[in-house]
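You will see chain A twice below: alongside chain B first, and alongside chain C after that.
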Partner chain A sequence: MSAAGVETADTTTQPPSSPGGFDTRTLVRPAVIAALLLFVVLALPSILSTYYVDAMIQVAIWSIVALGLGLLVGRVGLVSLGQAAVLALGAWVAARILFATSLPYPLVLLAAGLITMVLGTLVGLPALRLSGLYLALITLMLAGAITVVLATTNFPNGGHGFLGYNGSAVHIPQIRRPSIANTDTAFLRYSVIVAALMFLLVLAHVRTRPGRAWAAIRQSESAALAAGINTTLYKLWAFALASFVTGVAGGLLAGSSRYLYSYDFTTQESITLLAVVLMGGIFSLWGAIIAGLLLQLLPQLLNSWGVSPDWLTILFGIGVLQVLLTAPAGLVDQVPKDLARLGRLLRGLARRVAPAGGRSP
Partner chain B sequence: MHPFILMALSLPSWQDEWPFLVTGLALGGVYALSGVGMIVLYRTTGVLNLSFGAVGAFGALIAWQLINHSGVNQWLAYLVCILFSGVLTLAYGMVFGRALAGRDPLVKTTATLGLTLVLLGVMDLLWTSSGGASRAITLPTDNHGFMIGQVQVSTTDVIGLAVGVALTIVTTAFLRYSKLGTAMRAMANDREITATLGVPVRRVEAAAWFGCGIVSGVAGILLADLVALDATTLTFLVISSLAAALIARLSSIVITFVAAIVIGVVDALITPIQSLSNYRDMTPFVLAAVALLVINRHRVISISQEGI
Partner chain C sequence: MSKYKDAPRVRLSFALAAAVGAMILAGCGSSSKSTSTTTPAPAPAPSTTTSTTAATSSSTSACGSKPGVAATGTPINIGTIDTHQPGTDFTDGPNMINAYFACVNANGGVDGHPLKLFVELDQTQPAQVAAAAKQLIQSDHVVAIDGVFDLLECTIDQSYWKSLGIFEMDAGIAPECWSTPNSAAVNMGPRYSSDGAVQYALASEHASKIVFVQSNVPGTGYIAAGPAALAKASKVPITELTENVPITDASSVALNLVDDAGSNGSVVLNFTPPEALVILQAVQKLGLEDRVKSWGCSTPCDTDFLAKALGPKWDHKLFVNAEATDADDHNGPEMQLYKAILAKYGSSVAGGIGSFSQFGFLLAKFLVQALDTVHGAYTIKSVNTAIEGIKDYKSEMLCQPWTYGNLALHIPNNADYTVTPESGKMITVQGCTSISSADPQIAQYHKVASAHGVASGLS
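Showing the complex of A and B:
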């Protein structure tokens, strides 16, 4: 219930409150978020079983990916259908650096983010001057193309040369993790902290000049252009930021799974990702966390109940249609509203039933 | 010179390329078929049907089920596949196409991804691909054929190219001369004004949805025979047709046809070149990206009306 309360409080679409006025909400919200974060970092890893620790690591990682895509779709109005491929790029770069050097892990994450940022931006370049539909299509094709390349080059596994792939290795070394986070529980803490940093980075952008420019572009590109906003620059900026956080997520993914395989990054994965991001809610940063939970925790839950993951694919498909038709703000917006409506309904029922119950016996 | 460059330059002789040219033309024909089907729907309704491949795959799997487990005559099964694809696409168009009619093309296109996911999930449930179950559709025309020089050409290859050519010609003529076609062209320009002029807009849209579905069923069967009967493969083969449509800027049917043939042929001709063979499936993306860059050198920013 407390989580639902937080979601109601956080409607990031509203303008930030003035720094001077200390009304209770401005203090309560960061406090609740900090408490939640402390709970997830300190308590949660020790409570969960190994099975769910693994799942939660993936939730943290995919929340970052969803954050990047949500930024593109929700803030700027750009739809990318190839984010899983961008994640694969980030994971590849990180794995290559991890095998080639003994750099500290945070530096590797930074490098993976920056290199992915450059590659992702280059790819978006041809479509950025076109309407959104073209960008969606070109990224869909890009996802297909990257999948093809990865199937041939494979992920680095300690081999030599630029590609670092050793096909005949009998003993394949693991991708290393940060020395302070070698166990699964420690790696979960590490991932959550990195994810929190990425959320802060995006929040810092959304709340300042680029955020306002993106909002203007989203409302009307021609009006933004007329107001003197360099729309191409800011679209590119959004693309770069989304690619950066996705690259960092790729770096975490390399460490979390220890072995990477090209068939884990399919075109279908990119489409499913867009589906959960839309379902989670694209106008609030909380939507990204819900998307991560939908994408990584729900399959594990269903799996432990013996339900086929195919049902989830169907659910996500229906979810996309439902979001586009009736609830553009996603679960983040809808669930609190529905809960409130349910509450009113129950209270109304209770009021109607109580006198009736008093009279009838 | 670096040995790698020499290897890349050692092109196979033309004799080795001929069989691949035949395959490429056949595949290119089917890509053209799909591309034209998608463009006509896009021009009429503003929906780029990304579920095209999934619908065709579903139809082809139903046909496979009927032939192998119910003993239905195969031509009847193919007919069922085509009709099923038509009706399913029409049903989607009537429910969701109508509800989203006033929205931005990007929203309408994203919505078809919802249908794609639902179909992928159902197909995986009904015809699981785990456990190494392999299925195939073999058209009787595979065994008929003739020789050109020393190259074996099967009737299926001829059909693949022929349906692509035929649909391109028929659609062009249909749009130009028939009343329904004229209505479709009018709707591509402005839906509201067309409605004001007394054209039954919804009936015209229904015709476009049904036509697109029929085409996806035909493409589904042909691709199941020429490539593989696998839900995921067939669903995402639509990318090749999409690239062709994109090169044609989602408007010209003739350019779509030419681009689709080029994509099919280039993809196939690269196959025997060892150093590039593994990368050949990148062809649609590379060609579309280059075309977009070249076409849009001098274009100003285009502006969409509404985000998601």
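Showing the complex of A and C:
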């Protein structure tokens, strides 16, 4: 698993060779990504029905969450089972600020990200001494604790006081959205742009010193220490960054759902999230987008085809098994390779059939 | 990495096998969308009682205008959104509606048009509920929303329905089901049902104190406000408690409740049957059932299952609010039709006779009655005008006629029964009784209804 991971991760951390000082490949990839982003921002919301616009908003939001978890698991080797709880914290903070103030939405997202970053880093403190199963267990228990606290305090719904919850409300007010993104299509565009910014932020980290330090820690913490890397600092940095982007995602979630309930953020959600992140691919940022699609678009597709989304639990179980056994880099790595193999296979079959056809009378 | 390069075929075949396997499994899965059909009736439901099976199949002909003639026209699409998740399954409601529609379709339909129900299931995720509403309108082209049994739906979709001019009919949970212009429920919901249970304890058991305890879910304050207002109006102290579910230490809960209530007090529970049963069984185990004046419970406790599970010690000791007529006690023409439809078409109604299927029956029946008044094409506008125009629809299952109307809020079911366990069954101990206007929401409804000339109380 680690071997594959290193190979894929390294390709993202090292710039492509440019012997002549200019390599067309260095421009083609960003150009394709920019074109894709423009398509998603400008054209896609107009093409989709509002049912799928809603689904794609969730994809954008959960891609950010998957990005944060992928960063922890794939880049640093820290398995966290508490990301849904961190998302809940971000959503809570954003909802509280949105109800209490008239701050511009971008500032609310920033505040939600920063406050969640502080809280998430506190959650990450055990990571300084723990790893593997123990860290996963600790984060799971913390997620459970946050879920219990949220079940008691509830999410803000326009009430007063620190908690902002009014249990007696006969009409629960909606959480506001940005004034420029009040409609679903506009909010999809807004969410995709915010998601793109979060991906750029993480990419900027992965391609610079923190990314190299995280890769070293993932390979061997002892070796990283021997190489003079401050492992404590970089582990906390990873938790802080993952919590920040997840907090921003929580802010988007508050605006997209417009109502928040404690039972939206179950501990099981964190486990399912880890499963889809593994399936998508933890060594590539694209894997986070695949995870978002698996988690949010696939259920809606199944639903519209008349298949119960309950089956996804089984599908994800099989998917994780398959990834762990045969494709550690996830679908993002496996599918293109398998498609290429399939293409070669078909071309080979075509070549065999063609001469035979030529000989036939 | 190299070791994986040696096994590309294995990997590919495993991926294909996994995908195929998953697709096969998914294909076998129960659909989240169920639709009524005009095909022959399914086998009788095994879960129905003796009285159900006694109903003859011919009696189902009363559900349509042309007995025995299958509807073959263009379907009229109806949509619903229902909670379906581990521990909270409300699908008996839409399944009963589907059973009713199957009966209507087999007996002439609505002016020759069969009814088709599109069911969207949700797992209490607001975004999912909002998306489901849009799916029903834009992809399934439904013309009415009927039979919503959901924890959140009324809150999430109210503004959407209002923007489209849709008047939904539901059996809901969220406050907006009873407090908004575009929703009307056949049930009372947790607040007014708890009101009913507290009212019985105050008026009939003369409790000197009320201890009201409910599960800790969003909206507990809204629910508790009703019982608190009733207790305040009677100048009786009330203690409001919440318990996290699932309940892990029922004995402690039981002891606290009894201590809080005292010997002349009453304890009123607002829990689903599994949790209520856990508490009441702990009370019984500790021998505390006689340490308070009486025990009460909101509608969810109104099941024979609970009566059987508790045993005779609770006979005439536990008083449960019932929002609809007890099916065991009544056997008028409408109740016979309900039981007959359940027997002939209701094989998917897992709970058989019960409040969910009764509410499903009523929601389907009222909709069909409203559709019968539509002249011309069945559009969102024409159908919802008919639904909004529902006035004084009578039913054996409700204490009072049911009216929608152009009102700012709708609490058309505001009178109830009280039942108690006896020999393993729930029997009626108090007939139709109006929920007190001491609850400010009930008072507001009567005021609004009166201003619009709508009869809102018991006649």
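By our rule, the second predicted complex is superposed on the first by the 340 of 361 C-alpha atoms of A that agree within 3 Å, B and C clash if a C-alpha of one lies under 4 Å from a C-alpha of the other, contacts with A are read in each partner's own complex, and residues count from 1 in each chain.
As a working rule, contacts are C-beta pairs under 8 Å (C-beta built on N, C-alpha and C of every residue); 3 or more make two chains touch, one makes a residue touch a chain.
Just so it is clear, the structure is predicted and the values come from calculations on it, not from any experiment.
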| item | value |
| --- | --- |
| Partner chain in contact with A:D338 - chain B first, chain C second, else both or neither | second |
| First (chain B), second (chain C), both or neither touched by A:S257 | second |
| First, second, both or neither for A:G306, with chain B first and chain C second | second |
| Contacts of A:I47 with chain B and chain C, given as first, second, both or neither | neither |
| Chain B versus chain C as contact partner of A:I57, first or second or both or neither | second |
| Contacts of A:T267 with chain B and chain C, given as first, second, both or neither | first |
| Contacts of A:E221 with chain B and chain C, given as first, second, both or neither | first |
| Contacts of A:G132 with chain B and chain C, given as first, second, both or neither | first |
| On chain A, positions contacted by chain B and by chain C | 148, 151-152, 308, 310-311, 314-315, 318-319, 321, 325, 328 |
| Chain B - residues contacting chain A, complex | 48, 50, 96, 99-100, 103-107, 109-111, 113-122, 124-125, 232, 235-236, 239, 242-243, 246, 250, 278-279, 281-282, 284-286, 288-289, 292-293, 296, 299, 301-304, 307-308 |
| Of all residues in chain C, those that touch chain A in their complex | 1-4, 7-8, 10-12, 14-15, 18, 21-22, 25-27, 29-33, 120-121, 124-128, 130-132, 134-135, 138-139, 152, 155-156, 159, 175-176, 179-180, 216-222, 224-225, 244, 441 |
| Chain A to chain C touching residues, read off their complex | 3-4, 7, 49-51, 54-55, 57-58, 148, 151-152, 154-155, 166-172, 174, 256-264, 299-300, 302-304, 306-311, 314-315, 318-319, 321-322, 325-328, 334, 337-338, 341-342 |
| Partner chain B, residues of chain A touching it in the complex | 73-74, 77, 79, 81, 126-127, 129-134, 136-138, 140-142, 144-145, 148-149, 151-152, 218, 220-222, 225, 231-232, 266-268, 271-272, 274-275, 278, 282, 308, 310-321, 324-325, 328 |
